[in-house]
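Take a look at the structure below.
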Amino acid sequence: MTNQQIAEDLVTKYGENVHSFEEPWGLLTLTTNRQNIISLLEYLKKHETFRFNFLTDLTGIHLPENTGSEFGVIYHLHSLENNVRIRIKVFLSQDDLHIPTATTLWPTANWMERETYDFFGILFDGHPKLIRILNIEEMDYFPMRKEYPLEDATREDKIDALFGR
Amino acid sequence: MEDLLIPKNTSDALALNRPIVEDTEFTTLNLGPTHPATHGIFQNILKMDGEKIVSGEQTIGYIHRAFEKIAERRPFYQITTLTDRMNYCSSPINNMGWHMTVEKLLGVTVPKRAQYIRVIMMELARIADHIICNSILGVDTGAYSGFLYVFQEREKIYEIYEEMCGARLTTNMGRIGGMERDLSPTAIAKIKDLVYNSLPKVLAEFEKLFNRNRIFVDRIVNVGPITGERALEYGFTGPNLRAAGVDYDVRVMEPYSSYEDFEFDIPVGHNGDTYDRFMVRNQEMWESMKIIRQALENLPEGPYYANENHYYLPPKHDVYKNMEALIYHFKIVMGEIDAPAGEVYHAVEGGNGELGFYLVSDGGRAPYRLHFRRPSFIYYQAYPEMCKGVSISDAIVIMSSLNVIAGELDA
Amino acid sequence: MSSFVQWLTESMFLWKALIIIVIFAITLGIAAYSTWAERKVAAYIQDRRGPNRAGWGGLLQPLADAGKMFFKEDFIPAQADKWLFILGPCLSMFTALMSSAVVPFGNSFIIGGKEVFVQAIEINIGILYVFGVVSLGVYGVMIGGWASNNKFSLLGAIRAASQNISYELAMGMSIIAILMMSGTLSIREIVSQQHGGNWNIFYQPLGFLIFTVCAFAECNRTPFDLPECETELVGGYHTEYSSMKLGFYLFAEYINMFASSAVTACLFFGGYNYPGMDFVEAQLISALGANVGHNVATLVGIGSMFTKILFGIFFFMWVRWTVPRFRYDQLMNLGWKGLIPLAVANLVITAGAILSGYKLVGIWVGLALMVVLISVGWSIRPKKKNAILGA
Amino acid sequence: MQNIFSLPPIWYTFAILSVLTLFGALGTIMSKNPVHSVIYLIVTFFSISAHYILLNAQFLAAVNIIVYAGAIMVLFLFVIMFLNMKQESDEMKNNKLITTAVITALLLGSILIIFLRRAGKEKIDGNAFTSQTGMVEVLGKSLYGEYLLPFELISILFLVAMAGAVMLAKRESGERHF
Amino acid sequence: MQLTNRAKKTDKSELSLFERSYLPSLATGLGITIKHFFQKKPTIEYPEQKRYLGPVFRGHHILKRDEEGRERCTACGLCAVACPAEAISMVAQERVKGEEHLYREEKYAAVYEINMLRCIFCGLCEEACPKQAVYLRHDKFVPVFTDRSDVIYGKDQLVEDMNHRYQRDAWTKEDAMKLWK
């Protein structure tokens, strides 16, 4: 089972909905949209030969320059039996940060989605309990977005003897 | 009162599915954030019927330190210090995993000797990690002495760290492109003494103290069992998944750092209960020792760092004499050497499971986005399901055997 | 008035008072040094050195601890039941101190022609007294745990109550076997029947085992320390306690250990008896004269008693630092399904042996028969192939 | 009236114990907190046991403490702790209940007094009293000799009660009726 | 699920009746613990007795002077840049005439401060220093502080005392390698 086979299979199944195939360091990477993501994940999970039955990771990314698709949700799946990994990306617009939840397929997606929500504000529709997980609940912004940069280490207008410049 | 006499037969796997009538009055018990059994700071809010747990909910994030955010401003070599603080019981594994991720991105090949040294350090770290988990399981069930017997060995491992990198807990060991220094003769002697001499003896004694001790066995057999399928759905990796019978080990499936050179077995359990987790960890310590012995015996000669002057600091004496070296020294320290753009996922077998680094680089001096796949964070979700219907004693034993490290949980 | 004075002088009141005070002091002293010994034993078992800063080898540690306890802030939680909160540790301490009253620590001194037993009170239901006091010991824990108004404390208190009640039964039954053999309830008589090396342990090995296990449970020591198990219930019933009230609880545990070691020594190890005691006494009497010789022999007997007690305390500690603890339901299973049937079997075997006329042989044969029966029953039980633990 | 100081010491003991008994009994019914009630009741049991000792019935005294104070009251306390009855219930303030209780108590008291007055008035024979009266051996002999049948019948009754309790408490897994 | 051919089941055989009687494991356990009771203790009486922490232990910071007692630091700021915790700050100053016996280079750190609350003792500053000026001593810990005002270590605490010079076997890892050979 090669990346080529998987890619071809997905293209025949999903056609235009899967695109931007890449293979950085041998890891098949593709992009889809939020209408198809759950069906794609389910297809991969239940596929007879692929059997991507393990959700390794789920996280978000913020690309402010990508107008129209500023936020990305990145899924890493792993087919343990074939020992093949696959990376699936979904890009969302800043104005409509909704994506269906993957908790229906893997309970482990629960906290990963909560973490992604916590840091990026991406809303996972259908998630059983979409609240912040690592940050305090009173927090009113999403800290991993690029509009909240860390302070420049060299700035000098904020000198505090103990807690930094 | 009869509630007291429940867990009638918690050793019954069916106990998980025992229906609970909702008309009883439940009590809420806050297990943590500073409960002696949480070994770190996280909270479990348990709804209890007598001593039986009806449902639970976790609150985490008490020591969240925004590593992923901080990493977006730090040059690659400084992020090592962040990884130290994730699973602080086995920080060399985190360090090495991070270095390997960056090396993958940069396309650096590390010489064989450095890879072997890394394997030795990672396996030592794994032993230290498993020692903590298993001996603390003993403490949580009330047997304190075994804990201190094996902790002396962990102390020896820490002395090896000291010899190698100068610190004990937050090691900051290794550099991008190799190790920061070679194995010293003292370190080799200490490692040899550990894996040939003292640790096998102490570990055998530890196993004699616990493995067939009926009190201990009764406490942990069939406590918190999880099937392989359910464990996979919950994203279990590492010893906890192997205890459930799935022999998934990153070292074997996707060998990194020359793991393909070593002969070792993957211990797997039977039904994923606490006893299996305990035994798998114990057995893994033996396997780790096996790996270290092989690595020591076949330790190749040669450099301990890649000849990549763009990423690996030049020797100090060159810095004084050689203009080029001085420039590289400054550029590396200032973090002014840009990494190629790209996205990398690299996984290593951490103490608790697959420790993944998802690194997106936009070609700058720091990661554009860095995500840590922290095994504790992922499998700790399963805790409420695992402790449903059991007594509080079992809940603590399950938590202890899952080896949830607060630093890794919260990043 | 006169009758009172007469009674005071005629009875052994003053002597008794002296003995009670001495026993009291020794109890407290041993309990205090038990805390030191616990830490030392734990340390040595765990390859450590233990307290060694306060005095030589840390010998002043108990004093330092007591001082610290007294000067710590005495905190009573706002929602606690104040009086019961205070009553709890007091009761614990009180019942713990009461139990050693009937233990004969030695034979007797002859002073001024009068024979004074080395025992606070000799009552002919000594064992029942011990048993009653022990059964009251749980009140301190229960009341303290309940009054703290803390869920962990309450759980500890509840565990303590059910544990103590359950294990008292088996304990009582194992004692009954002893009573059947000796035919008396008085501890002094039971002890004097074990003259020399004729100790009950040889007649009652199973009874001894059961009694020891129950003693561990009654003292809340590992592996039965569920009421206070640190990693589950934080501190169990004494979670909310601080200062000397906490000290009382901890102290009571050590006094209980002392008392149960003393009772075990009396019931199973012949108390102040030791092999060759007659010879020693005869030698001493011929060397020092009848009265002094007898008194010195009694002192030697007291020494043997305390050796046994101290070893008992050491054993308590040794086991504590070796084994893990039970879970609640396993504890109950062991008590009700393990120890009580065994105690009943022991009773039957003892009765049979006494009736048969060959006590020693009869009991050992009976026990061997029991072991054989159990093994046979075990080996013919339906088995699964390739069975794994607990499946 | 004799001089109060010339009374034998046992008299003081009796007086103190009686006061204590009554104090405990009153405390039991008057305290609002059930846990306090239990503790008062224990005080009562203790003083009654002490009375037994005054009557040279050491065995009874010990058994009273072991069984009542040591086991039954522990179970009571145990149950009360579970029920968490800290807040006083409104039932206690109900006037009707109080009147009923008073009437019942008065009736019971009068019945007791009537029967006690009618009870046999033969004096205890002081000469028949030996140091062994009330001791274990005597007690055992009468229990297993004179009163063997009732004694065994009572044992069977207890056994039946125990089996019944076990049956009641035992339930199919997952099934709860109360 | 079998993924590799290296899986090895752990031992989980049932306890025998003898083992189920609690006694054998109790006996072996007691044996092991009593053996340890009489064993030699590895304890170190800490404040009196100190363990050698290894040649590269990362302890208290020190600003080295050279043989003539001149400060080596040239205030290039590399250590401050390399510090992941941003604990180091300095103010550079030009050396003036007559100060040659104090500072080796033409530029020196007039103020050199390490915030010990922030410092994580990672050793990156030592590695970054191109002048071999800043070191983490292997023989001394940073003591605990009880006051926030003690937290920032200035040059008074950091610069080497010429009367008690800090010695170590090898000043760089290359020197150390030579030592082993």
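Each chain carries a letter (A, B, C, D and E) given by its place in the written order, and its residues are counted from 1.
Following the convention adopted for this analysis, contacts are C-beta pairs under 8 Å (C-beta built on N, C-alpha and C of every residue); 3 or more make two chains touch, one makes a residue touch a chain.
Just so it is clear, the model here is predicted, and its values are computed rather than measured.
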Greatest centre-to-centre gap (Cα means) from subunit A is with chain D
For which pair of chains is the number of C-beta contacts greatest? B-E
Taking each chain's centre as the mean position of its Cα atoms, how many Å separate subunit A from subunit C? 64
Taking each chain's centre as the mean position of its Cα atoms, how many Å separate subunit A from subunit B? 24
CA centre of subunit D versus CA centre of subunit E: separation in Å? 71
Could you grab the centroid distance between subunit C and subunit E? Build each centroid from C-alpha atoms only and quote it in angstrom. 51
Residues within subunit C bordering two or more other chains: 45-48, 158, 162, 321-323, 388-389
By the touch definition above, subunit B meets two or more other chains at residues 5, 8, 145, 149, 152, 209, 213, 215-217, 232, 246, 248, 253, 270, 275
Residues of subunit E touching 2+ other chains? 1, 3, 12, 15, 26, 29, 32-33, 36, 42, 81
Please name which positions on subunit C make contact with subunit E in the complex. 41, 44-49, 318-319, 321-323, 374-375, 378-379, 387-389
Per the contact definition, I'd like the list of subunit E residues that touch subunit C in the complex. 12-15, 17, 26, 29-30, 32-34, 36-39, 41-43, 45
Of all residues in subunit E, those that touch subunit A in their complex: 1, 3, 81, 86, 89, 115, 117-118, 148, 151-152
For the complex, give me every residue of subunit B touching subunit A. 60-61, 64, 66, 68-70, 72-73, 104, 232-235, 246, 248, 253-254, 342-345, 347, 354, 356, 358, 360, 369, 371, 373, 377-382, 410-411
Of subunit B, residues touching subunit C in the complex: 4-11, 27, 29, 35-37, 51, 138-145, 148-149, 152, 209-210, 213, 215-219, 221-222, 270-271, 273, 275, 391-394, 396, 400
